[in-house]
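Here come two complexes built around subunit A, the first alongside subunit B, the second alongside subunit C.
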Partner chain A sequence: MTRSIPWLARLASRFDLWWIPRAIVLGLLAFAIFGPLTNLLLWTVAERWYFPHAMPLDYGFSYWERVFSPRGTAMESLANSVVVASMTVMASMALAVPAGYALSRLELPFRALILLAFLVPQAFPNLPVYVNIARLFYQLGLNGTVTGVVLVHVTHGLVYAVWIATAAFSAIDTELEEAARSIGASALRTFRDVTLPLAAPGLLASAIFVFLESLDEFTGSYFVGAPDVNMLPLLLYTASAGGNYQIASITALLLLIPSVGFMLVVERFLRSDVLSKVGH
Partner chain B sequence: MPKHLLGLLLVLPALAVILLLFVVPLATSLVGAFKVEDRFGFGNFAKSFELYTSDIVFTVVIVSLSTAIIGILSVAIGGYLVLGENPRAVAILRWLYRWPLFIPFIVVGQILRTFLAKNGLMNNVLIEVGLITPLQAVSFLDWRGIVIAFVWKQTPFVALLVSGAMASVDRSTIEAARNLGASRLRILVEIIVPQVATTLMVGLVLSFVTMMSVLSVPLMINAQSPTMITADIAFRINAYGDYGVANALGLISLVASACVGWFYLRQTLRERS
Partner chain C sequence: MGKNDFVSVEQISVGYGKTTVLDGLDLSIRKGEFVALLGSSGCGKTTLLRALAGFVKPDAGTIRVDGEDVTRLPPDRRGMALVFQSYALWPHMTVAQNIGYGLKLRGTPRAGIDRRVGELQELLGLAGLGSRKPTALSGGQRQRVALGRALAVDPSILLLDEPLSNLDARIRLKVRHDISALQKRLGITAVHVTHDREEAMVMADRIVILDAGRIAQQGAPEEVFNRPASPFVAAFMGAENVIALNGSVGGGRIAIDASDANAKAILPLDGRNLKSGGFEARFRTEGAQLIDDGMPVSEAVDALDLFGHVEAASYPGGAWRHSVRVGDDIMLIDAARPCAQGQAVRVRIPAKNLFLFNQQGRDSRPQPSSLNEGGAARVLEASHA
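After this line comes the complex of A and B, so read on.
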C-alpha cells in the first residue's frame, strides 16, 4: 500500500508509522502504572491538598519529621516489622532448607503430595483460618505477641521457602556432589562445602521472598498482632482510615521501596535454571 | 538410616507447621460454621444469607469480573511479548508491565484510594486534558475501584506466568502459520493460547483465591455496603465476636473458590483423557 504513495513511503522509511498506536498503548499503560505511584509520591510531600486543587497547595517534609520522630509510632512499627520479618526468614529457612534438600535429593514417598501440601495456605481463602488461629492463640496466650505473628507469617511464607529451596537444590548437578563424595568427603561436609554454596543464590531469593511476604502481610497481623504488636501495614491502615493520607502514603512508600527493588533484581537471584524447576 | 526415613524426618517439621497452623484452624473453621450455641445446625448460614446475600453476590461478581479482565490483559501482554515485531516496543513493555508485581495489597489499596478519589490524579489529568469538566469528576472508590485494584496488582503475576509459558511454545508452528498468512491475532488465539491454557488457568485460579481472601483492598477502597465477604467477616468478629457467622461466610467463600478449582481440574482431566 505505502509504495503507491511516494511521500508516505518516504515518511514511513524514516519513521515507523506503527509507533503511533504503539506509543498510545504503551503511554496509557505507563500512565496506569506510574500515575498512581506518582500520586502517592505527591501525597508524601503534600502539606495541604484538597478538592478542587489539581496539585498540592504546599510542599514540605513536616510529615516525614512526624513519622520519623523518635516518639512517633512509625519507628516502633518499622522496628517491629523488621524484627518479625527477620525472625520469619530464620524460622522458615531453618524449616525449608532440610525439607527442600530432602524433596530434591532423597527419594521420598508421596513427594508430589508433600510439595502440594505447602501450597495449601495459598490455595484456600486464608481469612477464616486467621480468625480461628487468633482464637486459638488467644487461649494459648500467643495473641498479641511477636511469636504469634511470626508463626502466622512462617505458615504463609513456607510455600515460597520450600518450593524455591527444592528448585535451587534440584538445579545443582548431582555429579559435583558425587565427585566430592568420591574423594572422601562425608555427606555432611559435601552438603556444607558443595551443595549449600551452589544453592545459595536460590536460597537467598527464597529468603527475600519470605522477608517481603512477611513485611507486607496484613490480614494475619491484623487478627493476631493488633493492637499490641504494631506493624507497618497496620499503621498504614489506621492512618488511612483516620484520613491522614500523608502518614499513610509515607508508610506505603516505606513498604513499596523493598518490593519494587526486589522486582527489579529478582531475575539476578532466580535464574531460569532454578525457575524452570519450581513446582517440579 | 534408610534414605526414606531420613527424608521424612527432614520434611516433617515443615509439614507439621502447615498441619498445626493451617489445616487444623481450617478444620475448626469448617466445623465452627455449623455450630450454633454448642449444637450443630444451619442457623449461621440462614443468618449469613439473610444479612449478606447481596455482599456474597457482589463478591463473586467482582472477583469473577476481575479474573476475566486479568486473563484478557495477561494474554494480550504475553502475546505481544512473544509476537511483537518491534524489539524496542517489546523491551519497553517487558520493563513496564511488572512494576506492581510485588507491591502489597494494602499499599495498592492506599495508592489507588488517592489516585481514584474525586481530587485524585486521574480526574485531574482528565480535567486538564479537557475530557471532563471539574463538575463531572466522580470518585471511583466503589466496586470499580476494587476491580481496578485487583487488576492492577494481579495482572503482572499472571502475565509473568503466561509470557514464560508462551516463550517456550514451539516457534516452528508459529512460523508455519505466519508463512501461510495467518494474522498475529489469529496465531495468538488459535495456536498460542490453547498451548498455554493450563498455565493461564493456574494463574487465574490462584488469583481468584487470592482476591477472595484479600481484606485490605475492600477495607481501604470501599467499606460501605455492598462490600466484599472478607470485610463482613472482619466486621462480625470485631463488632460482635460472632465466630459462627464469620465461619459460615468463610465456608461460603471457600465453596466459591472450590467451584473455580473444580472447574479447572475437570478441564485439565478432560484434556488429558
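After this line comes the complex of A and C, so read on.
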C-alpha cells in the first residue's frame, strides 16, 4: 500500500507522526491549566454574562470600582492577608531554623518521630481542629485578633518550614562546618558564616511555601479571624457564595499577585539545581 | 613521654557504640616533625586525627599540646588546622575569602588579610585565582586552596586527612613533594593520614603504622621498610610473598631445616627476637633472585633457596614478573630476564630481604584492604601472561 502512494510514506518519514498525540496531550494540558485562568480573567471584566452565551455580553470595569471603592473590603483584606502571611513566615522560620538544624545535625533520639509529629496537625480533618482552636482562643481572648490567625497559620505552615529546613541543613556537608571550626570559628560563628548562607536557598524556599500556604489558608482564618480579621480567601468565599463571580474573580486575581511575585523571587534567587537539592 | 614532645597522646581510647576504634594508644610527636599515620581503612587512623583535631571525644586518655591538656578543648581553640580529604572548601566564598577566613575570624585588618592571602596564593601557585569560586578550580588547585586556608592561620599543628587521595596520580607525585617541602620550610608540625605506603614513605619523617586501633610499628621510613616488626607490617610494607619454614635458633644464627619447598640454610639472627620452631617468612617481589635450576648452582651464602616452577610471566615494566609455584603457594618474583613457563627454578632470597617471624595464629595477616586488592591484582596480572 505504501508503494502505491509513496508520497504518504515520504511524508510519514519526514514528519514523525507521533507529534499528533503529543500535540493533543499538550493542548489538553494547556487548556486544563489556562482554561480556568482565562475564564477567571473574562469574569473580572464581564458586566453581564449568562447562559447560554459563550462570551460575556458587556465588558467593563464597574466591579473593579466596587472592589476598590472606599466601602469595599478588598484592600483591607489584601493588607490583612499580606501582614498575616509575613508574620507567619517570621514566626515559622524563627522556629524552623533552630529546629531544622537540630534535627539534621544532632543525634536526637526519635528524630523520625519528631519530624512526624509536625505532621499531626495535618493528619486530622481541619474543621474539627479549627473549631476547637477557635473555642480555646475565644477563652484566651485570641479570637478575632491578628495574633490568633497568625498562630493558626504557624501550626499549619510549620510542617513545611521544618521539613524543608531540615532537608536544607542535611544537604550541607558537616565537613564544611568542621573546616571552619578547625581554623578557629566558634560554633555560633560557623553557623552564621558557613551553615546559614549555604542553607539560605532551601530556607528561602521553605519561607515561600509558608507564605503561599498562609495566603491560601481558609478554614482557620474563618473560624479564628472572622468577622474581625478579614482575609482575602474569606472575601473570595463570601463573593462566590453570593453568586458574585465578578468580585470573586477580582479577589482571586488579587490573591495571584503575591504568588506571582514570589514565583519571580524564586526564579531570581533559586535555580533549579539548587531547588533539586532540597529533600536530599 | 620525653621532654621534647610537642604533642603527646596518652592512652587514648575511642569507641563508637560497641566497636573500639582506638585502644589505649600512645603517640608522641616532636615539634616540626612530619608524622604519617598509615593503615588500611578502619584501622583508626582518621579517628586518631579527628581526636587530635577535637572532632572526636575520646572515652579515655589525654592529648597534650606543648604541655597543655587539650583533650576537652573545642576544635577552634586548639591552634590546629585540618585539611580534609574532600577539601571542604566553602562554595559560597571566593578562593581569597576561603583562604582569608581564618584571619578574618581573628579580627586581622583588611589590608593584613589581603597581604597574607596574596602571599599564600603566590606560595601555592594560585596567583590570579583569588576571585574565583572553588567550583571553578581543578582538583589540584582546590587542594592547594584547602592547604592555604589551613596555613593562613599559622597553625601550630597541621593535620592532613588523606588530602592527596582525590588527585590524579601524576599531580599527586608532585604535590607530595610540594607539601613536605613547604612543611619543612615553615617548620610546622604535621600529622598526615594516608593508606598509601609510598606517599607516607616519601613525605614523612616518621611512619606510624596502625592496626586495629593500636600502633603496629613506628619509625623512620627506611626502618619500617627494612625491619618490619610483625607479619602485618611486613605485608603492609609490600612483603606479600609468604612461606612457612621450620628452624632452630642458636649462637646468633638461624638454621632453617630443609623441606620439599626449600633448601637448608644458615642465616644470621641479626639481633632479632626469634625462637626455634615454625617461622613465617615474608619477602618482596623484587627482594629475590630467580635462578634456572638446570644450571650448576652456586651454594647459597646468607640466603634461602626455594624450589618452584614458573607458572606465568608478564612484563609490567622494569623487570619480568614471574608467578612461581612453591609447594602450594604462589610467589611473585621479579627477574631481569623472562623464564619459560613450567621451568624449574630456584628462588634465592638474601637474608637481608627475608623477614622472619615466629609463627602465630592465621589472623596475623592484614585484613582485606586496598593493599591486598593490589596484591590480588598483581596475581591476576601475572596469570594473564
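Just so we're on the same page, the second predicted complex is superposed on the first by the 248 of 280 C-alpha atoms of A that agree within 3 Å, B and C clash if a C-alpha of one lies under 4 Å from a C-alpha of the other, contacts with A are read in each partner's own complex, and residues count from 1 in each chain.
Keep this in mind: a contact is a pair of C-beta atoms (placed from the backbone, for glycine too) under 8 Å apart; a residue touches a chain by one contact, two chains touch by 3 or more.
Fair warning: this is a prediction, and the values are worked out from it, not measured in the lab.
Participant: After the match on subunit A, would you call subunit B and subunit C a fit or a clash?
Facilitator: After superposition on subunit A, subunit B vs subunit C: fit, no clash.
Participant: So after the superposition, what angle do subunit B and subunit C open up at subunit A's Cα centre, nearest 10 degrees?
Facilitator: 100
Participant: State whether A:29 touches subunit B only (first), subunit C only (second), both chains, or neither.
Facilitator: first
Participant: Quick check for you: in the superposed arrangement, does A:98 touch first (subunit B), second (subunit C), both or neither?
Facilitator: It touches subunit B, and subunit C stays clear.
Participant: Which partner does A:117 contact after superposing on A: first (subunit B), second (subunit C), both, neither?
Facilitator: first
Participant: May I ask you to decide whether A:240 touches subunit B, subunit C, both, or neither, giving the answer as first, second, both or neither?
Facilitator: first
Participant: Touching A:90 in the superposition: subunit B (first), subunit C (second), both, neither?
Facilitator: The answer is neither, since A:90 touches no partner chain.
Participant: Regarding the shared-chain residue A:146, is it in contact with subunit B (first), subunit C (second), both, or neither?
Facilitator: neither
Participant: If we overlay the two complexes on their shared chain A, which of subunit B and subunit C does A:196 touch? Say first, second, both or neither.
Facilitator: Touch status of A:196: no partner.
Participant: For A:82, decide between first (touching subunit B), second (touching subunit C), both and neither.
Facilitator: neither
Participant: Thinking of the overlay built on chain A, is A:173 touched by subunit B (first), by subunit C (second), by both, or by neither?
Facilitator: Second partner only.
Participant: In this superposition, which partner touches a larger number of subunit A residues, subunit B or subunit C?
Facilitator: Comparing touch counts on subunit A for subunit B and subunit C gives B.
Participant: Considering the aligned complexes, could you tell me the closest Cα pair distance between subunit B and subunit C in angstrom?
Facilitator: 12
Participant: Which subunit C residues qualify as touching subunit A in the complex?
Facilitator: Within the complex, subunit C touches subunit A at residues 53-55, 74-77, 80-82, 84, 86, 88-92, 101-102, 105-106, 146, 149-150, 152-153, 155, 159.
Participant: Going by the contact rule at the top, pick out the subunit B residues touching subunit A in the complex.
Facilitator: 3-4, 6-8, 10-11, 13-15, 17-18, 21-23, 25-26, 28-29, 32, 86, 89, 92-93, 96-107, 109-115, 118-122, 124-125, 127-128, 134, 137, 152, 164, 206, 209-210, 212-216, 219-220, 230, 233-234, 237, 243, 246-247, 249-251, 253-254, 257, 261
Participant: Name, in rising order, each residue of subunit A that touches subunit B in their complex.
Facilitator: Spelled out, the residues of subunit A in touch with subunit B are 16, 18-19, 22, 26, 29-40, 42-43, 49-55, 95-96, 98-99, 101-103, 106-109, 114, 117-118, 120-133, 135-136, 151-152, 154-155, 158, 162, 212, 215-219, 222-223, 233, 236-237, 240-241, 245, 248-249, 252, 255-256, 259-260, 262-263, 275.
Participant: In the complex of these two chains, what residues of subunit A are touching subunit C?
Facilitator: Residues in contact with subunit C: 173, 175-176, 178-187, 189, 193-194, 197-198.
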